[in-house]
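Labels for the chains are A, B, C, D, E and F, by order of writing; each one numbers its residues from 1.
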Amino acid sequence: MRPSGRQPDELRPIRITRHFTRHAEGSVLVEFGDTRVLCTASAEESVPPFLRGKGRGWITAEYGMLPRSTGTRMGREAARGRQQGRTVEIQRLIGRSLRAAIDLQALGERQIILDCDVLQADGGTRTASITGAYVALTDAVNQLLKDRRVKKNPLHGQVAAVSVGIYRGQPVLDLDYLEDSEAETDMNVVMNEAGQFIEIQGTAEGHAFRMDELNAMMELARIGVTRLVAAQSEALATN
Amino acid sequence: MRPSGRQPDELRPIRITRHFTRHAEGSVLVEFGDTRVLCTASAEESVPPFLRGKGRGWITAEYGMLPRSTGTRMGREAARGRQQGRTVEIQRLIGRSLRAAIDLQALGERQIILDCDVLQADGGTRTASITGAYVALTDAVNQLLKDRRVKKNPLHGQVAAVSVGIYRGQPVLDLDYLEDSEAETDMNVVMNEAGQFIEIQGTAEGHAFRMDELNAMMELARIGVTRLVAAQSEALATN
Amino acid sequence: MRPSGRQPDELRPIRITRHFTRHAEGSVLVEFGDTRVLCTASAEESVPPFLRGKGRGWITAEYGMLPRSTGTRMGREAARGRQQGRTVEIQRLIGRSLRAAIDLQALGERQIILDCDVLQADGGTRTASITGAYVALTDAVNQLLKDRRVKKNPLHGQVAAVSVGIYRGQPVLDLDYLEDSEAETDMNVVMNEAGQFIEIQGTAEGHAFRMDELNAMMELARIGVTRLVAAQSEALATN
Amino acid sequence: MRPSGRQPDELRPIRITRHFTRHAEGSVLVEFGDTRVLCTASAEESVPPFLRGKGRGWITAEYGMLPRSTGTRMGREAARGRQQGRTVEIQRLIGRSLRAAIDLQALGERQIILDCDVLQADGGTRTASITGAYVALTDAVNQLLKDRRVKKNPLHGQVAAVSVGIYRGQPVLDLDYLEDSEAETDMNVVMNEAGQFIEIQGTAEGHAFRMDELNAMMELARIGVTRLVAAQSEALATN
Amino acid sequence: MRPSGRQPDELRPIRITRHFTRHAEGSVLVEFGDTRVLCTASAEESVPPFLRGKGRGWITAEYGMLPRSTGTRMGREAARGRQQGRTVEIQRLIGRSLRAAIDLQALGERQIILDCDVLQADGGTRTASITGAYVALTDAVNQLLKDRRVKKNPLHGQVAAVSVGIYRGQPVLDLDYLEDSEAETDMNVVMNEAGQFIEIQGTAEGHAFRMDELNAMMELARIGVTRLVAAQSEALATN
Amino acid sequence: MRPSGRQPDELRPIRITRHFTRHAEGSVLVEFGDTRVLCTASAEESVPPFLRGKGRGWITAEYGMLPRSTGTRMGREAARGRQQGRTVEIQRLIGRSLRAAIDLQALGERQIILDCDVLQADGGTRTASITGAYVALTDAVNQLLKDRRVKKNPLHGQVAAVSVGIYRGQPVLDLDYLEDSEAETDMNVVMNEAGQFIEIQGTAEGHAFRMDELNAMMELARIGVTRLVAAQSEALATN
């Protein structure tokens, strides 16, 4: 069975703490068990060069891991002078996923930057990042609405993400590091509040997986995202 | 209707030309319609530092686009001094996909580097790259077997890839650039010769997609990969 | 008067939280009022090239600010591909300061890396970093002693740091951001538990300062460091 | 004797294939024996910063080798993050040579970028690049004339290049890789259609060469360039 | 006693040669014994982006060592592609120190860049740089006044710098390399002509230093800077 | 007429000052009129990776210009993080030219690095660099012989370089900056003491040049190098 003793369709304890730091328009500490990611949303009154003068806004994301968020210290990317391939891949995924939740026209010619920095890693940092970044983005958008910089709420969907995989032959939900490093297949699924797909990224680490396994994983993902969407809504409902 | 007049489940004309250049152990020009990628496989008697002394081999991939392979000239990555996020993402995907086809233990402590360089782009460069790289890898492995540097064929599967997507509401196979730039959903599917999944990467560009659309796209992918696997086998059967 | 209403010789509330994250040998969240820095100490069984085979150890430090730890978002150094001059200057200061507390011979041929990452900034991040890093270093050294990797405690001193400055003509202790951005002189003083100097860095931002002002600031620094040393000891005394 | 059995004043078989790829304004595959270079010319309606607002145009060149264009795989420059000294030297030579063929005033405030990418190398890649780039440049200029973006043909000369050298004591024309790696002297000569010099770069690899040897090499260069100019003209005469 | 036989409060022979090279608005070779630094001041009619349109000027500095200015050749920073931490630290110190001598408002929206390049190093390169850069800056300012690009002299103070330290238990002035590499404490003190402090940077290399040692070093610094200010004035008085 | 009033075959005043700085094995200030270059030769007991264990030595060169060696300040290459194409081209030329003077086998497995740093530029910095570097190299080799690290003198030739060009229709020797910026053709010629060629690099800046012009320039180069070789010998003959 699972090292944590969880059921196959059981998420780790989820905690979403808003206003974790004070400067950002949105600042959320998201915890999926021992995975802790600080997600901030920064609203800026400018857009990247390729969008200037077009009246549309932009959402982008950056991702980082503190050097000792992991069991063995990783070199600091700023010191090495380049971001690793994995980092680039993840931050592109976060950006695409959140852009799917927002009407960039309605946002107007401004940019919201989502910074997802992993304080402690135990598997699933990219899905925790997306789930937390949605809450930070919502706080930032609400600030823009309150300041009347944006007229009409540009958010048209809710977005959350979870990992699924095949661990010792069994489809499981929300893999922790121990499971992840041994899983035969590992998928990250980004969905909206209606259970529709925004992004799927799945990799067979061991042997290839079959259509029925894909279906079983998609069903677990649906269950997981439904709970995460509820946790987001609950966090946003309180002050 | 598709701009090219193709049926929804119709691939573009596929051409696989082996021995396209003379130095590499494997050298393949793969064409998916107007998309042309030169895939070379280079066998080297050394492995990256993290594998030294472990008796296992490695497969890695690098991807590039010639600056004017596209409609508008792109800046040369070597001149700008860094590879773009998209490039990094693609070469990691190619490497993972091909590693799924090979027994790294049986390869022995050596490395095969797959270089996929796009001469002309018309959509689907990453799926063409994977499909062509498999043929180049096979030629390189056969060379190693012939030279008796490797005893037993380490290849245990055949790998090919194709894109699927939803274009104007219709699931379609093997999108060209015109379709790709307008598609609501765009997926890249890597499969083996048994129709099992090695990698799935799907992104909703417009609105989110449903489970039944996912299933329809997976079926198209199965059809496409079956034909690509046949084209690979045919190319490898001739001299 | 000070914007915070503090007395000239009054520190902000100091909080030192050990075991803030779980992977590092030492992990400390240090707070000087609203300035919050996560300091981790990572022990590694290797030394930089210039020390190999000499039987001596090394202490080094790296410093970073999360992009939105500040009022206006700063570009991520990993994304820009280089650390700023200010970052380099600070991490060199932290490393030198902590090396002054330890017998590198007694540490043996191993390295402890101190990562100081600012989660929230409100002035004094470098002095908070040094003060917190000392506690993280102590925890890491105690771990090495417990694991019998080190025989004899290599720490021979206690190190803490505080800023002093001249704000509206008045020497003050532990400047926050509002004071710092307006101060005529700004000094960072690193001292040991005996009130002796390890490092002094002072800059006249407005007009030059006199010898009597230097003496007044040194006296404030002595008062501040005495209290910080007590706070470190208290944190280390508890579990 | 020459390894290839060629006469001292004999070029390798020359092939110039226009319209090799479809996106660029000029796209030429040039072959000097087994050396194959893809030369594209891209016309852009902007100039580098140092020329803005001056009404003059610019021609520049970039050069690259596919990693496995050579016998042993070379590291990809984009992955290493910098172009080698040799690359920089060659692309500057190509740019200077082609600028000698064109009236930058008549070109108007626009830029043509010549990309020379080596698909397969067997010596003489820089001279093949210049020779092919001239044809690609001509195609691009003709496109500009046809589109009426340029009024009057800015090309005022024809440019081609060839290598000469001293191989086993004998002056020879158009060295291949086997000759080049053993030659005592190696020169690259760029000339116009009137047999006048645009650029000479000669290096004594073994012992220094004499004035009479220089003269013999210049005569071979004249013979070679005359033939290359004819091959260019022939290629441009057909459709 | 001191390796050079100097008294504890004795500077090395100081030489300041103006007009050392001919292109720069100010060009000074400063010698502190065997330490030789070429300081040039370049006046430019533009300011860095963060100051544009504000009507204020800027002073900045860059520092470099010729690769063989030292006993063992150092790698060239331009070739390695990055400036070392020590370089960055020093050039920031030089810039801050000289900005303390000038009214940036009166300078107007222009920039003076101070380049300090070490031709030969024997300890104290940063203090020699500051002392020489002041003279070069004065020459550049005088040129601007003469050209009537600046109306009123923006220089309001004179700046010089000297190192002090504790060598074999004894406070000493202006350490050379032999002393510096063995000193227990090493301080760099920047002062104005009135003996007031602009910058203090002191580091205990061996054991921590006491308040009375700090006072003794400050007194030596005062003596040294008084003499350096006189040497600067003398150099500026002649043609 | 030439702006300097020189005859067409007249060099500028040449000065070669040995022992200009004290740390390097060879240290030479070379002056061609107002062009002043500091050339140092550093002997190191190691070779680049590609030569390790082969018993042969290596000569390499690095070139730099101080930012204000020129009329307008150039950006510092170390600060920009990369060497310009021109720099790379020049240092490769210097290295090749000096390797032509030495028996790398006889040098043994060690390296001599030639650093050529331009203090003041007035045209011809690369030819002055080569001419000065030869003298520095000789001093370094003599030091190795004196220290008995090398048994037999590995220098087998003398090398000097000069520029020639066509200025207002007239072939001229040793162009200064005023001539250089206006010349129709500009060549750099490296020769040995016997008047044989080591390297020729010539570029038509305006219109292409003819064979008779090439011959006239080669004759001027011969005259110039003869005089430079004499100046080198004279400098080396004194102490």
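Brief remarks follow.
One rule holds for everything that comes next: contacts are C-beta pairs under 8 Å (C-beta built on N, C-alpha and C of every residue); 3 or more make two chains touch, one makes a residue touch a chain.
Which chain is which protein? Per UniProt: A, B, C, D, E, F = Ribonuclease PH.
The structure presented is a predicted model; accordingly, all values stated were derived computationally and were not measured.
Common neighbours of chain D and chain E, listed by label, are F. Counting hops only between chains that touch, chain C reaches chain F in a minimum of 2. For B-D, the matching interface among the pairs C-E, A-B or E-F, defined by over half of the contact pairs being the same residue numbers, is E-F. Chain geometry summary: the mean Cα position of chain D and that of chain F are 28 Å apart.
Averaging C-alpha coordinates per chain places the centre of chain A 50 Å away from that of chain D. Averaged Cα coordinates give chain C a centre that lies 59 Å from the centre of chain D.
Touching two or more other chains at once are residues 81-82 of chain E. Read around the ring of contacts, with chain A first and chain B next, the chains fall in the order A, B, D, F, E, C.
Touching chain F in their complex are the following residues of chain E: 21-24, 27, 34, 36, 38, 40, 42, 44, 62, 64, 66-71, 73, 76-79, 81-83, 87, 113, 115, 117, 119-121.
Of all the residues in chain A, the ones that touch chain B in their complex are 82, 85-86, 88-89, 91-92, 96, 100, 157, 187, 191-192, 194, 196-204, 207-211, 214, 218.
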